[in-house]
């Protein structure tokens, strides 16, 4: 298992007239969380894509337990439970500034060769860096 | 069962550098679809909210079958399978301009009293309009 | 001069906790307005881009006269005052459902060759279609 | 004059299929920049709004000199040239990771009493904190 955390501050433009973060904006928080999660291992999604591998999202699930508010400095705990193969599952738990769990999410992504559009394994370096967490 | 359809044209700003609609933007399409779905029955979410009832999202699920592209005029089929009580489930199927099913989604929302913040039944008028579809 | 109009309905996710459309979302309305403005002449931005010409934005100006509200069916009047050369200026006036002018905007875009990244003239067909409006 | 800087990392969902940050997303960067600019003085927009004063945007100008790219860690220099009265003007200069100036923006906002909807002076504490920079 690999677990990491990152912080995202809620922007005004991400709220809606209900006074909460719009439900559609959590997906962007997930993106930040998984990208920073990988960066903490020295892996960047940008390099992956520049290297010819992209990671489109196949499935996404969100559970909204309590609203996130403007200017909240959200703590997002990102978890990889299983060693990534052709697919990779990121889980997210979002806590508000008071430490309350307000949101749970899960995203299934595929590794896809940019030229062929076909599923592929993650690059060797990517696999090597993650390997120790799943032994 | 109540089923309706609506069209949403993909905006440039909704694509990402992969050349597809960003995965987080489908939630906004769902919103348009369910609002238009209700409007076709003479119900508007705006009136509901002005009347003191809001509908926060509790859960959301998305399955990305194939990418949506810039300028695609997406057809979204919205379905209510069960009669709404304190909660309501909208299902979405999104078809691209070639008629191909490219996306499936599902959103669970609650009816909530704006002042108390407590769950409530939908207003009587709302219930009456939907009733015939579930008999 | 070429003038056209298009309608855009305000989405919930486009409002912010002030209860108005977030100021950053008007740029997307401008995009819809200019794309539909061209479509009414049989020109699509998609074809332009597929044909190797893209139109990045160089400058943008916005004046917020009054707020746009959720579910407003905004009427956007788009105007080309001058015949486009290597650059093109779109002007926008946005009216709310009560017919009140609530917003003015202006966007300067360039025609750019996708491969070279260099400024270019719009394709001949594009020029021919617009020509009669500036004679 | 008061000048400060803040960093914003470009999210994938903020790019468009041109491979650049969508022109409409800079407004959100400005928002982050001015909010962080005030926070560095111990002022938060959230408290201001909780205290009954909101700051709607009246005018916005943007000049796009060069594209911002995915994962760029943008440096935004925010400047208040004049002492804020009923209105306040924020200027932004955005630099990419290579230190190149890629964007200039300017936003005029008003201080508005939340209840009356009328323009007002900023709260005394707000004025006092900014005062030394304009003497």
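Think of it as A, B, C and D in the order they're written, each chain with its own count starting at 1.
Going forward, a contact is a pair of C-beta atoms (placed from the backbone, for glycine too) under 8 Å apart; a residue touches a chain by one contact, two chains touch by 3 or more.
Remember, predicted model here, so these are calculated numbers, not experimental data.
Name, by label, each chain that touches both members of the pair chain A and chain B.
Correct list: C, D.
Of the pairs B-C and C-D, which shows more C-beta pairs in contact?
Between the two chain pairs, C-D has more contacting C-beta pairs.
Going by average Cα coordinates, which chain is farthest removed from chain B?
It is D whose centre lies farthest from that of chain B.
Using mean CA coordinates as chain centres, what's the gap between chain A and chain C in Å?
Centre-to-centre distance between chain A and chain C: 34 Å.
Find the geometric centre of each of chain B and chain C from their Cα atoms only, then give the gap between the two centres in Å, rounded to an integer.
Spacing between the chain centres: roughly 27 Å.
Quick one: report the Å distance separating chain C from chain D, using the average Cα coordinate of each chain.
24
When you check chain B against every other chain, which residues touch at least two of them?
Residues 12-13, 18, 20, 23-25, 27-28, 31, 70 of chain B each touch two or more of the other chains.
Name, in rising order, each residue of chain D that touches chain A in their complex.
So the residues of chain D touching chain A come out as 11-13, 27-28, 31-32, 35, 44-46, 49, 70-71.
Which positions of chain A touch chain B when the two form their complex?
Residues in contact with chain B: 18, 20, 23-28, 31, 54, 56-64, 67.
Which of the residues in chain D come into contact with chain B in the complex?
Per the stated touch rule, the residues are 12-13, 15-20, 22, 24-25, 70.
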